[in-house]
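See structure below.
For reference, chains read A, B and C in written order, and residue numbers begin at 1 within each chain.
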């Protein structure tokens, strides 16, 4: 069978198109990357006029805000880090694969809840509730870990059949109703405890005995709300780091007779340590920059106070409130841009550090024979 | 014991040569390095027209590298440097007036793992045609039928031309890739271990296809399977460490190799 | 001695090895619980508000009669029993919409069927009884009055004619209310279940399709939905081509060296830069810089009142496009990197130029990844509020950014946004108490939009992975 004749090709036009397209893509790509770079350049350029004023002035203006940012971030990290890391350890090492593949999208959705919604719930629902039930809130913080341990102890004592029905690998799910019951118990107990142990109202006690003011919207609320927002990002990265530990490593340790606890402390955490560190760093970066939650849940009072029951004002919230009113070129304008620059630099550095650490870790896993 | 002998003989490699008018590809003093690490060293050989030439050799000896060089696929990789000369029908393929796109149309390439595009069978074969000047649909259908028939695939797929190519079996996919290449009517077809990922029956089909195709074009076959080279090729070149060791008629290379190195490799693998 | 130490060691082991995983499991449970609680709270409060609530007529021990909708109960200080909050409406008569009543003071509590609730344009809701309707000198009472109101309200406002409702409040205060000011009429206690469901559906629809009324305490959020959607569409129109272009450049054209690697890390990290920083950039560069220059050149006769030199739709879209650029770039790059080189080589070996290889093989294969990126970008942009506060969102935009007036799309206009509307209503409203149910509904709507977008992205990614699995 002879081949049908193929007409002559027409090349120059195709090649011209190719050249032009390559040029355009290159120009566009570099342009986009430069536009991104322009953010840093712009912020730095606009803070230059402040140099003329000397830094003490800027410092005195911005330091309460910086303190507020730090306080909010610390509060959020105190709340989020243990929960996120605990969840990551559980889901990487113990959870059933089926539940795990469902849990990750669920927590991704948690990350997607807009800050303004979280802030609204925190500022208008949670804050007044906590103000009325301060003792219950504090009790809950102690009571919930205890109730988890209680569940574990009961489980170990329970009959084997029940244990099979409620396996530990699904505990993340069936502990939810248990926690709900425990919250109910705590709420029921708290007023009674408050009455008998503290002799009345905890808030009055704080005020009279320790001279602590209580603001409705305070660092505690910010911590809980912003903690809620950063749990998913810490969880996702830490879980990746833990789940990617080459399985041979953990099995090797347990084959040598190490308990799960020892395997976790001696093998898993040291190996995945950098990944967990970078997860926490990225969480901290998010907490420092988050605006709406702090704006809505913090009361926005620029105070120098370490009390968790007092309000604060963060850099980001100050920018959001004051910048639209500041006249361009004025002093406040430049100061607020300095605030934005410091946020930019801080988060950029933290994220770069985290990324570098993460890549190191990935290479290390690769060497150890895990997934690439 | 063998070492001095080999190095002494490497300057006078037993290489068969052809008259220029019989030559389709001629490779002259070709040298190629990946990021300074040489993969082909001063390779010189001619590939005869309308014959099947097999390249054999231990893995990592540079067979794939050579095929990719003929197709100038190394242009995509900045770390590759080369010197020397490869000519297709007497034209230097690296010459400035040589159009690389046209060169790649004239030199078809089939890879080790089948790589059909995620399109229908029809679209896969039409891919190369659509790049060229617009064809009337009738004409295009004719060429596609011809290409699939030449690749011995037409009967199997003629009822499902518009199904996804990824639903075909591995052997069918490889033949589809060959058909896709044939459709743009290349002068040379380079096959890089085309059957290494396939089952024995598919392998036989591909081998038969190769034998049938040599009336239409020049074929270069890389294989690590000695019997396959013996079954389908007319000439065989043995490469080692990026160097050409021996090149001659297939019968002669397999039954009566000139060099001890060749014989060691062939017998070592065959037993 | 020995067995005892064995035993104690076992116990320690049991404590170490048995209980701490439960703490970790509880962390997962707690996270899920918090998420579920948040969503449930939003769903119940947000949707429950539209249910036609029963009105109560309460007789107090003092003899006063109050009609209202019970909202919630809280304990009084010093264990003095409970206190209940009623929404009583009638702000024009009582001066307030709300009334706290101690539960102990209630002597009788009924739910008569003839109690009505009106939505009016000035003064907000009226709650009380209908006495009669006066229409063109005619006086209708009883069922005829009800029928008249129902038909009149179904017609457009211009054809309603002039008629007045004669109303009476709980404490006997009579009131004449022009029907033209009434937008909704309801007698919730007389409604059957089916009617209530229909009314609920209508209320939800009105929430979605109407503009805000009475300082955001009534009406809907349509302009905010419209503004959000328009802004997000504009943003994706800007971000998609540029993000894809940058990703193609980085992955397919640029030399893969140290610099490309650094740029890639940089782009990735920009996704973690706080959104407010982008807002500052947008304000300084887009609004004051570019917008100011445009005003100087083209709109100088309108100065000093700015046209483009103030926040607006275009600047907001551009700012959010910049903000979501890393998301699109990263997702597209991942998609491109996942395409095996064999596909590219296959195309090139058939004589395709790089452009042809990209457009015919690589980009179609990377489409789901790009789509995922764009959807994630849209989800992020829809929920983002902080940068918008700097570059163009408005409490109440007098004009829609898209209308029948040339040039139809007004890029310089301010617009409303669901997230900002929520923030503003909840924190700067006049009667926050009355606006809260609508804030819940707005929050629910926003969360739903964002979650649906994210779910789509998750499913797309899942589909992508499965497809990749087939291919291997």
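Criterion: a residue touches a chain if its C-beta (ideal position, glycine included) is under 8 Å from a C-beta of that chain, and two chains touch if they have at least 3 such contacts.
From a predicted model like this one, the values you see are computed outputs, not experimental measurements.
K.L.:
Work through the pairs of chains, note which ones touch, and then classify the graph as line, ring, star, complete or other.
P.N.:
It is complete, because no pair of chains fails to touch.
K.L.:
Per the contact rule at the top, check every chain pair and give me the one with the most C-beta pairs in contact.
P.N.:
Answer by contact count: the chains A-C.
K.L.:
By Cα centroids, which chain is closest to the centre of the whole protein?
P.N.:
Chain nearest the overall C-alpha centroid, as shown: A.
K.L.:
From the mean C-alpha coordinate of subunit A to that of subunit B, what's the distance rounded to whole Å?
P.N.:
Computed from C-alpha means, the inter-chain centre distance equals 55 Å.
K.L.:
Just give me the whole-number Å value for how far the CA centre of subunit B lies from that of subunit C.
P.N.:
Inter-chain centre distance comes to 61 Å.
K.L.:
Please work out the Cα centroid separation of subunit A and subunit C, and write it as a whole number of Å.
P.N.:
Whole-Å distance between the two chain centres: 23.
K.L.:
At least two other chains touched by the same residue of subunit B: list those residues.
P.N.:
101-102, 105, 131-132, 184
K.L.:
Residues of subunit C touching 2+ other chains?
P.N.:
Residues 351, 353, 356.
K.L.:
Residues of subunit A that contact two or more other chains, please.
P.N.:
9, 14-15
K.L.:
Touching subunit A in the complex: which residues of subunit B?
P.N.:
Interface residues on subunit B, with respect to subunit A: 99, 101-102, 105, 129, 131-133, 135, 139, 142-143, 146, 149-150, 184-185, 216.
K.L.:
In their shared complex, at which residues does subunit A touch subunit C?
P.N.:
Contacts found on subunit A: 9, 14-15, 17-18, 21-22, 25-26, 28-30, 32-33, 35-36, 38-39, 42-43, 46, 82-87, 89-91, 93-95, 103, 105-110, 112-121, 123-125, 132, 144-145, 147-149, 151-153, 155-156, 168, 171-173, 175-176, 178-180, 228, 231-232, 235, 259-261, 282, 285-286, 288-292, 295-296, 316, 319-320, 323-324, 328, 336-337, 340, 343-344, 347-348, 350-352, 355-356.
K.L.:
Going by the contact rule at the top, pick out the subunit C residues touching subunit A in the complex.
P.N.:
So the residues of subunit C touching subunit A come out as 13-14, 16-36, 38, 41-42, 74, 241-243, 245-246, 248-250, 252-254, 263, 265-270, 272-281, 283-285, 288, 311, 322, 325-326, 329, 351, 353-356, 358, 379, 382-386, 389-390, 419-420, 422-423, 426-427, 432, 436, 439, 443, 446-447, 450-451, 454-455, 458.
K.L.:
Enumerate the contact residues on subunit B facing subunit C in the complex.
P.N.:
71, 73, 76, 78, 101-102, 104-105, 108-109, 111, 113, 115-118, 127-128, 130-132, 166, 177, 180-181, 184
K.L.:
What part of subunit A is in contact with subunit B in the complex they form?
P.N.:
Subunit A reaches subunit B through residues 1, 3-4, 6-11, 14-15.
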